[in-house]
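For reference, the structure discussed in these notes is given below.
A, B, C and D label the chains in the order they appear, each numbered from 1.
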Amino acid sequence: MIKIENLSINLAEFSLKDISLSIARGEYFALLGPTGAGKTVLLEAMVGLVPVESGKILVDGRDVSDLAPEKRGIGIVYQDSCLFPHMTVLENIRYGLHFKKIDGNETKNRLNRLLNQLELNQLTKRMTINLSGGELQRVALARALMVNPAVLLLDEPLSALDPNFRGEIQSLLHKLHQDTDTTFLMVTHDFNEVLSLAGRAAVMNHGSIEQVGDVSEIFQKPRSSFVADFVGMKNIFPVNYQGTSARLGNIELELGRNGKDSEGYLAIRPEDIVISKEKLSSSIRNSFKGIVLKILKQGFHYEITLKAGGIIFTALVTKSALFELGLKEGKPAYLSFKATAIHTF
Amino acid sequence: MAFILVPLIRMMTAPSFEGLKGAAKDRDVIKAIWLSIYTAGLASLIAFLFGTPFAYLLARKNFPGKKLVESIVDLPIVIPHPVVGIAILGVVGKNCWFGKILYEMGIRMMGSVAGIVTVLTFVGMPFYINTVKNGFESISPRLENVSRSLGASLISTFFRITFPLAGRSILVGIIMCCARCISEFGAVVIVAYHPMIAPVLIYERFEAYGLKYSQPVAVLLVLICLILFLFLRILSMPKKKKI
Amino acid sequence: MAFILVPLIRMMTAPSFEGLKGAAKDRDVIKAIWLSIYTAGLASLIAFLFGTPFAYLLARKNFPGKKLVESIVDLPIVIPHPVVGIAILGVVGKNCWFGKILYEMGIRMMGSVAGIVTVLTFVGMPFYINTVKNGFESISPRLENVSRSLGASLISTFFRITFPLAGRSILVGIIMCCARCISEFGAVVIVAYHPMIAPVLIYERFEAYGLKYSQPVAVLLVLICLILFLFLRILSMPKKKKI
Amino acid sequence: MIKIENLSINLAEFSLKDISLSIARGEYFALLGPTGAGKTVLLEAMVGLVPVESGKILVDGRDVSDLAPEKRGIGIVYQDSCLFPHMTVLENIRYGLHFKKIDGNETKNRLNRLLNQLELNQLTKRMTINLSGGELQRVALARALMVNPAVLLLDEPLSALDPNFRGEIQSLLHKLHQDTDTTFLMVTHDFNEVLSLAGRAAVMNHGSIEQVGDVSEIFQKPRSSFVADFVGMKNIFPVNYQGTSARLGNIELELGRNGKDSEGYLAIRPEDIVISKEKLSSSIRNSFKGIVLKILKQGFHYEITLKAGGIIFTALVTKSALFELGLKEGKPAYLSFKATAIHTF
């Protein structure tokens, strides 16, 4: 378990303001945010490399804010793996044992388990210079887990890897996390990694935390326009709320609940917008006629830009839907979305 | 290129083999060269002992006035050589309190090996510190961070990670310092004309007997420098691999 | 730190203000200091003209034997100073064909300004080339690639992109070279005792009249070196921003 | 148009072997491959920074193999944008005009068009040090397009950007490409970019080209096991062919066509495998009963590992399919795929 209470840090280039965060034992937590948001500074403060100005860091209930890095029980894996180049793979993995009194049998078991899980049995005698990116990162993981830290910090552990190695290390991370009671805290840029691995997440911006919560909550219910923008919520509009409805350009949206104050923002994920040729008669409360402005291929999907009531919406559809509906630029189409798909903030 | 090479090659080939052999048998020459190597080695040892922690500090820590400290470290490089000698004499001379203490302890700087070593340490230290500082800087602090997060203390980390990885830089630094010390003349000649180190001997021969008689000794000394230098180059060669 | 600072501070504060004023009015002193600056400046100019293209070549091209060439460039740093003087005399002396040509052209090296400049260029060149080479290396070759892909020739690219971006390094290189030249003594004293550059004058005063009488001149010279050095530091300070 | 004929290059670290490639005028072409495959060397050879050993490079029919870089009409944009730091944004963009005789009016029009398209009007007087990653890359694009090159090489143009800027620059690239007749050749790691932007692509490995073709072809019909592996084709099996069927473990697959020689490989994309509770009665030729081994969350999808006839298959399903079918680890399920979904090589 790691708990951060009102942490503030002032460096020349960065500062963290009043960070509070609580991560349960054994959780897999993701820390998101744009470059320069302060994610790395926060990690370094946890490890003990950056002096804390005010606030506390607690590991398993023990205040470690003033302890030396080696006494905190927090491990770290960097994106560039940082293996010790003058040691073999095995020496790297066993490095932490020089400084910890651990029972010999336990050590042996853990070493064997890690070597097996991370498929490092063939590599133990190699020097690190001869390893591939994926191998380097596997050794770094084994080295960090060998001392059984309470918390393991992962600083973009997959970003330096070729995309075809990423999947492999990603499933390893998943497996390793399930097999230990170590708390994992991962900084990443890749939403796919977050969605695949993490249970909860926090989004940082300008040295403070914008939102903490379940991963699905962050992606589906962003609480600020920054988070919405950051997680790729494309349809964000300023609106005037009136009771359970909201006025947006020429159209009136049904919220199915009371809106915020009189003014605010609302957001709809492109995936949540249904496109059709005829007006849908269903439980969907909001359905509007519009014109298709643009059709753009986006990976395996198509991004459709529509204009309805003076407002430009973005929707995401599959290829088959595109053809079945015969969507064409300049042609009319209906767009519909459930009241529950509208996020207000 | 040619500008640098021609004078050296010309000098190396000028003296006859007989002349060289004669010089190599001359007891004064051998004594002077030996003294040069011996004092340069001592100065490098001092630089290693005191300069290494200092270089590490400069490489890893940021503190107000760091630029100033770095400037002071570099100072001996730009001070004219005879001035270095005069400055050191000013401190260790009998009309300075420090010189008096030394005098009462029976340590004489003027015209002694101790004086030569002091001067050489003064001129060689910046070369050692700068080389080793660069060496430390090229080692990612993340390696040290990882080591500490694995339970190693600051000191264990230094001896297990930083020092072994900087080994090559430290060796290069020692050789740089040594080479600089052997080449020094202007500062030493002020503090200690006797006992004679090799450059002073060469100078004396040149003044007393002319170019021809100084060349054989010069060639011998240059050969020693070149061997040191060769070491330096060989050591710095395979450094290309990334750490 | 203290080891470097104490002798210098002690020396700077030792001579009385009167003594300094006296030295500053002494025509010989002024002439010597002026000659030092003048010859150092000339040597730096020569280093700039010939060293810049050479440094660019070393920074950008890989060729077999590059390490060897770099080693030769560094040689003057490790050669003992009097030996440098002897080596140069060996080439420009009358019993070498090159010296004969010079003699017939009416250029005399021994005891002339030309001789001093030659010696200073020899010792200063490596400092210039290494500094500027590092400067060029820190400019991403991709910037040059982009410039060429936009239609600029190799020469246009050098003058529009590389040279302006390396400007600071070139200035630092010139100052480094200048500082090294002003501090040189051992090599110059062999080639040209007269006309007297400042370090030679200081040495002569020290030999003839003792420590006390050499100090004021030394302080004046050090002040000039410090000003040069300050420039160097100020210039190299804001270099931290990434290019 | 750019055409490469039997290009070979030998450097100390890399070599390219007999590369041939033809890219039509105005095409958007993507070059894929793992790190160290030689993609960057190939780009540098085209620009003229690496000497060609044998073979030719033709730009619009003109042999440029021996020309200096400035005479080839090939522009380049690097991932780190490489703006000239001692010039303003406008000076950077206009840099190429010093060396080209272009009509003043044409220059003016093009400059205005690029400034508008790339939204750089507000930035022209700024120094490059003050720009954000996205702005830097927009300036680099404007600078490269200002001289109207025949071919524009893009060396991972989006990889240095924050993910939320990537989409923006990606749509700009799409727009810019449509508005000029410049041929775009992009090196990238990101399949999403390839699928969104490029029409055709090539996959490189160990200094040679493994496959060239339409993007959809490369992803759906990889011609070698390397390409299949690289583009993430998970189900790759060695098989014995017998006429129009293939033997794979204990199961017999219907190919609907003659297989290769007696032995070979086949591959099936995880998306092409349909999972059901009952055996499907439809036009699908291959349907087998198996056991669900593992269910792994993969972004917005779930990756299902099944074992059927001793063979382990991977399938990708949506969250709703997972719940509707009530898939659980250890429970049986049917997996089916069309004969046309089987790729043989």
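Following the convention adopted for this analysis, contacts are C-beta pairs under 8 Å (C-beta built on N, C-alpha and C of every residue); 3 or more make two chains touch, one makes a residue touch a chain.
Predicted model, so just to flag it, every value in this text is computed and none were measured.
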item: Distance between chain centroids, defined by C-alpha means - subunit A, subunit B (Å); value: 54
item: Between subunit C and subunit B, distance of the C-alpha-averaged centres to the nearest whole Å; value: 19
item: Of all residues in subunit D, the ones touching two or more other chains; value: none
item: Where subunit C touches two or more other chains at once, by residue number; value: none
item: Chain-level touch network, classified as line, ring, star, complete or other; value: ring
item: Interchain pairs in contact, sorted by label; value: A-B, A-D, B-C, C-D
item: For the subunit A and subunit B complex, residues of the former touching the latter; value: 44, 47-49, 68-70, 72, 74-76, 78, 80, 82, 84-86, 95-96, 98-100, 129, 143-144, 147, 149
item: Of all residues in subunit B, those that touch subunit C in their complex; value: 1, 3-8, 10-11, 14, 54, 67, 69, 71-84, 86-91, 93, 96, 98, 121-122, 125, 179-180, 182-186, 189-190, 198-199, 202-203, 206, 211, 214-215, 218, 221-222, 225-226, 228-229, 233, 237
item: In the complex with subunit A, residue positions of subunit B that touch it; value: 140, 142-143, 145-154, 156, 160-161, 164-165, 241, 243
item: Subunit D residues within the subunit A interface of the complex; value: 34-35, 133, 162-164, 167, 171, 174, 189-192, 195-196, 229-230, 232, 271, 296-300
